């Protein structure tokens, strides 16, 4: 994410998002629609629950032998004439890809939507090297024109209204375009068709890679994924190491649930199984195929507390149900991946310090874990991140004092017993009827928008003696 | 004569301090149903606020103390789904050393949120209440997703004489409390709450029922601030006929 | 730069011994994929009318347009009609060996300019880019289909000699012809085909890409409004040929 955004504290970024009426409306419409589509898809898919368990079991089994499966994948790809590159860091990945682009003599590269390339800030690096990256996924194309980053894992421009898109196209393309999605799409189609045909290199991500066969799998809807992997001379796929699956039989388990979780479709319009460079005798296809395997914090988590998040299919279902995401949208999070899984991925890539505020951007309601097709227990890991933030003294000193004070009171009944009378004394100036409408200092954060019940004139513990006498022994 | 069923009430910190009348209603209700109610002395908190904010060493100390207080209970009844969840799901992991671990596992299996106790242990779904109202029900997150319970409160409310239950749209959506979340990110918490309040008021209900003190504080606090005529009540309050056991 | 050895060493180092207690199990794989596929085909050969009916329902659900003709000879009639309705003139098609039929003459008689895709690769320079231009300007793309999946209404197309990727991608209208031997019921069965196509006994037409096509190209990126025909075809048509004649698609898998 841009450093400029991170200079503002998270709470302020969230507040700004809440005050943006366009964003609020866009978020409500989009997330509600996604939720409905997913629910309907699984409602008519009774095998879905069992498949989710199976998918999770496959991810776990793969992780337990990840080295073997990756080795197998590498061998399979190289057997078909493809090349594999190894990127431990984001910087390394950028260097590898820019290098490949230079060697390919690429002036333009066309890109199919890839969160992995967003993660490593690839576009900036290409531009810096004098190479023009062209985003071809409609949502990515829109935000590229706007100079923004994606605000949702699968629908990058979901925060924009059609009016905003029309304004953008008119400004950037130098001709008036009406605020009609059909028209806007036609414009994008025409603009990008030429780019597909001219670009020397295509860059994609990969939803899966099949170890047994060396197949890279792209799940898309627009057709740009197919263009990017068929028309340019060189195809580069960037993929996190955790995306490998053992066999075609495993792949199909994931295909059966991925699109349903993301958009409610049984399958996306195009599931493309790329077998490497063009075999001899075929008219079309890239001459060169390169897979860039990306670590960027993943390998450290295989044996780490965020291990479960390596099962993520990047479907976005958790974003759509998250009460926080639904209110603040993706940009407020400040990093490449927003929403519940985004907090975990950010910690994976940038360390626990990076999420000292984001780890608390959750009411721990559990809707994410419920929606996740591979049943990732996101709340558990958010609590673990909070623990790390506390353990490493990243949390502010005042906060730690408050909680330690609370802990001390809760383990000393004598202190605790004094708590209620003390609170009753302090609250007296503020109580109206049974409610408190205003409190000073930190507690004002509650009373700014909500009343608070007054501490009872007698706690339950204080009433128990007479209550216990009510029960008449027989 | 068979000895009466015994249950120990875990009042919870929020219940003790802010909603003691809920505890009173529960005690009277259980006694009317023939349950002998104990109240182990010295209760403070289940430790969830510490746990959720990542202070696990401290949460473990509180958990150890609280678990010890309920060691001899046949059944533990909890008015809040979140506290029941804490005991059942997190206590074993927080106290891995023996003999505590075995003890808390046993405790976990004997701990129930109130509506679950009424329906699954006492086998009761029909109650008389003291109110004639239109009510709607909010699923608190830990009861719904932590304890996987959407039915027991609804079963009781549906059969409660004098009460008309209307389904709350988005009943399974969070109210925005989330413990410290409500004051760490008060603007977001309030925005989430506003959505919940709009749904509640749209049902035309006289009151919204929840089985969690945190939700009641958040929802009740919001309703009160906007001067709504809708009340936020705990399930136990609707089941309180005002009678004492005799 | 990280070498393969360093990368894998780091990976092994990061993998804990004695893994977690969560269930871990890979999918079952057919021990003999080619045989498994044969069994599927035998089982389905009786049921093809139901499978076809289900395919049609699902295909139409994803905005595919379904047509049915008694024999291969009627295919050009359908294509000709589609072309006239769209005032389309230029058609590209898979090579006849890949299609299992040569409809060039009949299509030309329908008023279309027909270009068959070459059987192999094209090496020389002006020819290839010129061909690509013509492909990019075609109105209709005519292909076969290796599988028609009833569960999802999908068509599976393997690229290869004489059956390039662009035929089903660049023209705004894609027409796929298939017969009963392409019909399968479920994704689970598709996985058996995927296994078989990649096993050692794979036939020589195995190509550089397999596309599972489920409806025309689409997006909902602007306000979640569904729009068809973004980069790929705006229309997808499937012509089912009833007559049980051996076709190129029947040979595959």
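Residue numbering begins at 1 within each chain, and the chains themselves are lettered A, B and C in the order written.
Assume a contact is a pair of C-beta atoms (placed from the backbone, for glycine too) under 8 Å apart; a residue touches a chain by one contact, two chains touch by 3 or more.
Note that the coordinates shown come from a computational prediction; the quantities given were computed from them, not determined experimentally.
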item	value
Chain contact graph, described as a line, ring, star, complete graph or other shape	line
Two chains sharing the most contacts, counting C-beta pairs only	A-C
Subunit B and subunit C, separation of their C-alpha mean positions in angstrom	56
Geometric centre distance via CA averages, subunit C-subunit A, whole Å	32
Residues on subunit A engaged by subunit C in the complex (per definition of touch)	26, 29-30, 33-34, 53-54, 56-58, 60-64, 66-67, 70-71, 74, 84-88, 92, 95-96, 136-139, 142, 155-158, 160-162, 165, 181-182, 184-185, 188-189, 192-193, 196-197, 212-213, 215, 221-224, 226-227, 229-231, 241, 246-253, 255-256, 263, 265-285, 293, 295, 299-300, 302-303, 307
Of subunit A, residues touching subunit B in the complex	11, 14-15, 18, 323-324, 327-328, 359-367, 369-370, 383-391, 395, 403-404, 406-407, 409-411, 413, 416, 419-420, 423, 435, 437, 442-443, 445-446, 448-453, 455-456, 458-464, 467-468, 470-472
Residue numbers on subunit C that touch subunit A, as the complex places them	1-4, 6-8, 10-12, 14-16, 19-20, 22-30, 58, 62, 117-118, 120-122, 132, 136, 151-154, 159-161, 164-166, 169, 187-188, 190-192, 194-195, 198, 206-225, 227, 229-233
Touching residues (chain side subunit B, partner subunit A) in the complex	11, 13, 15-21, 23-24, 27-28, 31, 36-37, 39, 42-45, 47, 49-56, 58-59, 61-62, 65, 141-142, 144-146, 172-174, 176-193, 217-218, 220-222, 224-225, 244-246
